[in-house]
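Right after this note come the structures.
One chain, chain A, links the two complexes that follow: it is found with chain B in the first and with chain C in the second.
After this line comes the complex of A and B, so read on.
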């Protein structure tokens, strides 16, 4: 029982980060009908800036939590600026063009990977834990850091849900994702909604990177791993579906947790890919996709 | 100045330039290709290896170069990122051999990319040094391949024997290795080494290099309740993360990370969870055995990579010195001729003692560098040398 609970908690925690990441991907697909393979670079940029700024600030006398807060703010802000530049000078011209946007986003991903390697170096960076200590309940052990990460991810997911369901912006985004021409006929400012959606998606990717930095191994290619898993989560859940992204992410998290326990991490990874193929064969639109 | 004088000054200047150009051409350059990871978890190994290759080349140049057949040769190190994968290793091999036309590989890292490189070097008559841990790249089939650091057969048996003697209560061990050629070949030797000291291997698991999430496998390792974990070929940053997760889960046992090359990488991701970890590929430079040159290069290394110099990187330095010695003995810069004399020479290693190439009894051909095996342990956040085992074969060679 303890083992089962431990695996559930581990799955929830891993899934919560994929959730933040894949929500960004699915939001962009829903509104712009493109798959942004450069999304992982916002995650990487934010995580790298946290990993660079936290040691830099702490050696100058800033306390660790404050340094992390400043690093995360800087990482998220820079990522959003970069994301909006990519939108303004690139993705804006490739909306609803799957092939064009695919080539463009792969190009951006490779470009940024090269730039990160050049400026940050290829070496692994690590951020010291911001919250020390472990939490134990019903025989389950978790670091307080991981628990906090899960809660933050959950809070952002709930906030996004609230934005989508209860605000004018969210309703407009949903309208655009269902039928953008009909939305425009109703007076919804399409360009503004797309711009805001891209900014929110970039923000979610950057937040995921910042909060993962203290518990992960940060390299200039770290975002690629999350991109693959996040994309599979979105495919499983259904491209463009917010609940689908959540379900898909949690599913991937559980599969990693349970597969890693009963087999090993390599087998769990393989299982994820096999599952994605099966779902594409049996339900091409994903578990909750309706497009 | 009159026109005639100006013309004379111009002619003199051209003469000086021509003489300088001629002297530059008189210096022959031998390119040393390096296939190393310059990104990902093994990046610091690659960066540091490239650095020490350059440092050794500078030292050779300062000492008058390599003197062969009345000519002076100097080394130039050219490194490319093999990303620790076979695919990138193949690209690097093609670039080094076909574009840069190197005849000597000064060092290569990672069994999978090294296999890709070796398939070309042996066919094209290129001499290759490697730090790859996989035993499959050694043997009489590969006469131009030389290993420039201790590998599992040298390290694991004494390291595991030491860990068992220091912790006699160990009855079971669990393995975790990267799922690639290095990990798979290390696992085979490690299994033999643990079983040789009467310890039962209760599980052997694999992960992909570059994995960022180790919690699930840590849960499994912790629930197995093994007395020890052996993280095999896991690089320090990834090993540190696994140990941290194990500590958070309340697991307390003996930790062995054979390929942990230094304290910094382990501590960066593992924090205090790495305390008491046994390592087999690290060197300390604050003890009485450290030489002035080691200390100096260690400072250069820390400045460049943020981590101490390690045994992988020392191998790249030693390869340059071994090449110089062998070329001068063979009086040739042809790879086959140099390979023929390499097993006959002894040379000054950065370990502060003489080194040579041997290991015919183990591998079937004398292609393994003979250097000390150094067993170290993390004590708190500091690395401490516990034992230094000199090679018996090397002692005999030096005595001869």
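After this line comes the complex of A and C, so read on.
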């Protein structure tokens, strides 16, 4: 029982990061109908900047939590600027062109990976833990840091849900994702909505990178691992569906935690791929997809 | 396919084959063989694009072909011709199963599941001990009687396969593929089994990719799981995109250009990732029809010629 509870908690924690990551993917797909392979690079960029800035700031006498906060802010800000540049000079011309936008995003992903490898080197970096100590309840042990991470991811997910369901921008985004021409006929400023959606998606990816930095090792290719899982989560849930992305991410989180406990991580990965294919066989548009 | 195209392209293959006799063995010979294999990979990707699907599992099929050739040569000790044929057959057989399951989905779903499939197959190689695990397989050599002329063999075989792919594209079946891309419901309505036709297209593409993998195993003599990640599909995509996917000559032009420029760029110390990334971005933004499309636009009088041959 205790093991089961522990595995559930670990699964939730892993799933929460995938959730933040895949929400960005599904948002971009829903509004622009493009598959953005460069999304992982925003994650990497922000995690890398945190990993570089935190040691740099702490050696100059800034306390660790402040250094992390500054690093995360810088990482997220730079990622958003880069993301909007990619949008302005690339993706803007490839909306609703699945193959074209995918190829373009592959090009960006390769370019950024090369640039990251060149500037940050292949070395593995680690950020010291920001919050120390463990939290235990019902006999389940979690490091306080991982718990905080899960809570932050949950907070952002709830915030996105609120934006999508209650604000004018969110309603416009949903309208555009259902039928962009009908939305334009209603007077919804399509270009502005797409721009904002891309910015929000980039922001979510960058936040995921920044909060993951203290608990995982950071390499220039860290985003690629998350990209694969994030896309599988979105495909399982249904492209463009926000609840689908959440369900898919939690599913992958649980598989990783259970599979990693009883077998080993690469068996867990294979199980994820096989199950994803089985789910698509039964539901070719994902569990919650309809378009 | 009409006789003129057949004789012209056949002549081109013969000329290319004779030209390889002049290539000095060593690095330049390997470079030519890598080009030929890259051409075949890009042609396989383009072939599946006929039904409108971007087959990101191409790298997996190349890997299956390479491992098929590796196992039959080093473990089973089968002759070269059988090993090479097997590399295509293994890829096509697994392509059939993969396509049968996944071609029920389309567009982004098919693309992403192909991507996941590539990663899964790569993980399987690392887990299977008799396939060499993470370190892969070594000692895959072409037979002695082909040692000196292997480069000619590779170039001619790739040429023949390209002509065969083009012949299929021009056949009744090929017309069905394109019709499915344009509107699968119309094709369904005239009584064509759309699902099986799509699976057939994927199988043929997988066969070509498998042969490319088998040929590359004999060129490199060593294979390892890391060679067949999704990055390989990305490179194939870069060849296709730079060359232009509208013409069957696109993969040829793109692969030769990029492999050549890539080897120069690597010699100058630039990273492979940056080079291929920039090549893709620039060609997508500036040359939507690729190099071949650009050439045929510059010479409007000879447009028809660029589309055949």
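Assume the second predicted complex is superposed on the first by the 291 of 291 C-alpha atoms of A that agree within 3 Å, B and C clash if a C-alpha of one lies under 4 Å from a C-alpha of the other, contacts with A are read in each partner's own complex, and residues count from 1 in each chain.
Convention: a contact is a pair of C-beta atoms (placed from the backbone, for glycine too) under 8 Å apart; a residue touches a chain by one contact, two chains touch by 3 or more.
No experiment lies behind these values; they were computed from the predicted model shown.
State whether A:117 touches chain B only (first), chain C only (second), both chains, or neither.
both
Would you check which partner chain A:173 touches, where first means chain B only, second means chain C only, and both and neither mean what they say?
neither
Looking at the overlay, does A:201 come into contact with chain B only (first), chain C only (second), both, or neither?
neither
First (chain B), second (chain C), both or neither: which does A:108 touch?
second
Go through the superposed model and pick first if A:29 touches only chain B, second if only chain C, both, or neither.
Second partner only, chain C.
In the overlay, answer first, second, both or neither for which of chain B and chain C A:57 touches.
neither
Between chain B and chain C, whom does A:266 touch in the aligned arrangement: first, second, both, or neither?
Both partners.
Of the two partner chains, chain B (first) and chain C (second), which one does A:13 touch, if any: first, second, both, or neither?
First partner only.
Going by the contact definition given at the top, which residues of chain A touch chain B in one complex and chain C in the other?
Dual-contact residues (chain A): 117, 266-267, 269.
Given the complex with chain A, which residues does chain C contribute to the contact?
Of all residues in chain C, those touching chain A are 49, 54, 101-102, 104-109, 111-113, 115-117, 119-120, 123-124, 126-127, 234, 237-238, 241, 271-281, 284-285, 288.
Using the touch definition up top, name the residues of chain A that touch chain B in the complex.
Against chain B, the touching part of chain A is residues 3, 6-7, 10, 13-14, 117, 121-126, 128-129, 134, 136, 141-143, 146, 212, 216-217, 219-222, 225-226, 256-262, 264-269.
Of all residues in chain B, which touch chain A in the complex?
37-41, 43-44, 46-47, 81, 179, 205-208, 210-217, 219-220, 223, 237-238, 240-241, 248-250, 265, 268-269, 271, 305-306
Would you tell me which residues of chain A are touching chain C in their complex?
For chain A paired with chain C, touching residues are 29, 35, 89-90, 93-94, 98-100, 102-104, 106-115, 117-118, 228, 231-232, 234-235, 239, 266-267, 269-270, 273-274, 276-277, 280-281, 284-286.
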